[in-house]
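A, B and C label the chains in the order they appear, each numbered from 1.
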Amino acid sequence: MSRKEIRITGFGGQGVVLSGHIIGRAYSIDAGNEATMIQSFGPEARGSACSTTLVLSEGEVLYPYLQELDALVAMSGDGYEKYKDDLNDDGILVYEKDLVKPTLKEGQPAYGITSTRIAEEIGRVIVQNIVMLGFFAAVTDLVTKEQWENAIKDSVPAGTEELNLKAFRAGWDYFDEHYDGGKPAGQETASIPAEKAD
Amino acid sequence: MKTDPAGVLTGAHYLDGDFAAGEGAMAAGCRFVAGYPITPSTEVVERIARRFPMMGGTFIQMEDELASMAAVVGASWTGTKSMTVTSGPGFSLMMENIGLAAMMETPCVVVNVQRGGPSTGLPTMTGQADMMQARWGSHGDYELIAMSPKSPQETFDLMIDAFNISEIYRVPVLFMMDECVGHMTEKVIIPPAEEIEIVARKLTDKKPGEYWPYELNGGDIPEFARAGDGYHFHSTGLTHDYRGYPEMSAECQWDCVGHLVNKIHNNVDDIVRFEEEEIEGADVVVLTYGITSRVARLGIEMARDKGIKVGSIRLIVVWPFPEKRIRELAGKIKGFVVPEINLGQMVLEVERCAAGQAPAIGVPHPGGGVHDPNAIVEAIVGAAK
Amino acid sequence: MSAEAETQSAEAETQVEKREVQAEEHPVAPFIRMDRMPHIWCPTCGIGTVVKCYASALENLKLDLDKVAIVSGIGCTGRVAGYMNMDAFHTTHGRAVPFATGLKLGRPELNVTVFSGDGDLSGIGGNHFIHSARRHMDILVILVNNFIYAMTGGQNAPTTPLGANSSTMPFGNFEPPFNLPHLAASCGASYVARWTCLHIRRMTKAFEEGLERKGFRFIEIIAPCSTLYARRNRLGTGLNLLLFFVVFVEIQHGVDTREVGIAFQEKIICGKFVDDEEQTTFLENMNAHYERVLGDKYVSMPPEGGWIHE
């Protein structure tokens, strides 16, 4: 049984939970698998570093919390610092280039995007998380582009679907433009390591 | 009968357990909810407060949990399906009127999204330490029904069952979630309304003047009359006779309280719900409920890899306890392993039912997280020796 | 006459008397569970008088008794629900108001009365009382104030006047008591009145008004408790207590409720203090608000309740 673990972190107001919700929805409902999302909840969730975790699996997710982190999406420096050590040596780092200055381990796949600036260019900085999501989607190839877009349409507030899809595609295209068909500069493959005992 | 479609949000949703509990209640026909905010349960009533105005339901935020539970008992006497939602500290306050609901034989549902205790404890983190309070929390002798879901989907499905069974036996049903399930978001499929079977409040056929609210007429459950239908009945928290009139005597106490206990005892086989897996030929049986059942399955698989024959039994209804089944199994196995997010509660019940035939080994956890599966493996290995 | 003959004669007399009693029904008997008589209250207790006045109010108004429900808490007055011949609930200590709230919201067409004592409603139930008044909950609250926890044996109440003796203040009460009409009025009650057990007609009229008004209506009835309050305080018998009311009651309609606090063996101000017929109720506010913000999407609970049936 495949098991993949993801953590998304950022600061309050960046839409960390919505991003997690869309990933979970896309993977479980749209792609027919299982996805368990746990919000990091409590006083810390009100402060600067906000976080949500997902466990993805083709069958029932038994252990709902993280065991070995396969992918970290960091939208803020604080969040990155707080959780970077949890990431597997071969785990993927996806980060906001202007806000996170990563210290990478040898051979670690890492993908940066200027998602905040791109969102500003689109006209609404609030969709920064969806730009990041589009980028993450392109990096990881978890489900099809159509499934991602369905999950977004079903998750965002009514009337904002087009704006969010535009943001998603901007993030997706950024990957194609900057990472040459899936390879980060000087680095190897991007797929989340699978085939671990659940 | 089929449920009222107004409360059913048919479709595939990505919902947390708290929202799923709210949706389950609305799908079950619940139309009155009184509650007081408390982490980690508040999202249940937030969901309901947002959706009730569109389906003829009334939500009221009361001044405390004492009032919430009292209002739920009052509302249920109008025939309107009623529920309240809380967590540990509020659950303690509700005990008074949970006893009233038991004594007045009032159908209702109480959701407890358990957190770590005692006192304020761990407001935002998980626990399963209210299990004995669910059984014994209010004073005096009584029986009620408690359930424990393992996922948001089961929370939705089981909530409908909770309302139905509460109607059938006229008891409060305690819906014992835990923070982990409450704040866990997963796929929840809500079926169309025409596929949701609910038990409507069964009203008496008798005419006013011929009706007594606690007359048994040979059955286990008295017939119900709604307030406002002209029956002019009396109901009390005092020990009462079939007329609902107070009677202070040991004889009446036998009849009244004996009935509260017997109506559940006599129907245990219809009420208990549990799931077994690979019990046949097992040396060790792991007994779980709620989120712990999922974590334990990891441990069980790891133990099987070591060649140990492990079966499992997952309680869905935790009270009444499946005493008969545990006793049966106890004669056939080397030991029970009972992981739970408390320092030993349901394990005592397993031990009692096993009655010395097989040991019951607890795997305690104080709350604030779930078990390390290795701790469960270790206990299984110990039990198999 | 032999002893046996005497007994027989006495029995015959009793039988005659019984027949006469059965033949001549008390005027409020239809409102009372006569099968539960005699009641448990002490001789000269004031609660029976309050019950009689409440029954008279129901009779005078010709209300549909099927739609009137009564809820009591615990204590001497807490037994009232048990004697009224309508849908009646004898609940837990202090929780009559929230129980009644559930009844009212579960079936909005019901006319719900809470009938309980000072300790029940303003002591253990005080928080429910003030919040129910604050939210203008549609219930009539009749509070019988005998200045003491009577059923449990004369302990100090939130209404015990300064200096009065109770079993838990054996050297006299030093805690200031509640001024209940002021408490109710300041929290938002739409109708506030106080009478004593002496004021049969005025009390009955107040109950009639209370039953017909909407929102949170509060009526305090000062009742004699000769068994405990009067005995502990050497105030004489029930008759002495009523005579005290004759001399010490002042009727002041519309007076500022800040002025109506009760001091030990001093004047008791009675009257109708608040009568705001314009005030909107919890249900009216809720329905109007949702209609305004949700429009056609709003579905209010039907008057006969939210129960789902074939």
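Simple rule for what comes next: a contact is a pair of C-beta atoms (placed from the backbone, for glycine too) under 8 Å apart; a residue touches a chain by one contact, two chains touch by 3 or more.
This one's a predicted model, so the numbers in the text were calculated from it and none came from an experiment.
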Using the contact definition from the top, classify how the chains connect: line, ring, star, complete or other.
line
Higher-contact pair (C-beta pairs counted), A-B versus B-C:
B-C
What whole-Å value do you get for the distance between chain A and chain C if each is reduced to the mean of its CA atoms?
63
Measuring centre to centre with CA averages, how many angstrom lie between chain B and chain C?
37
Chain A touches at least 2 other chains through residues none
Within chain B, the set of residues that touch 2 or more other chains is none
In the complex with chain A, residue positions of chain B that touch it
12-14, 16, 40, 123-125, 180, 183-187, 291, 294-295, 297-298, 369-370, 373
With touch defined as at the start, can you tell me which chain B residues reach chain C in the complex?
1, 3-4, 6, 29, 31-32, 34, 53-58, 60, 62-64, 66-68, 70-82, 96-97, 99-100, 104, 198, 200-201, 226-238, 245-246
Write out the stretch or stretches of chain A touching chain B in their complex.
20-21, 24-25, 28-29, 34-39, 41-43, 60-65, 155, 198
Chain C to chain B touching residues, read off their complex
33, 36, 65-67, 69, 71, 81-82, 85-92, 94-95, 97-107, 109-110, 127-128, 131, 286, 290, 294, 297-302, 304-310
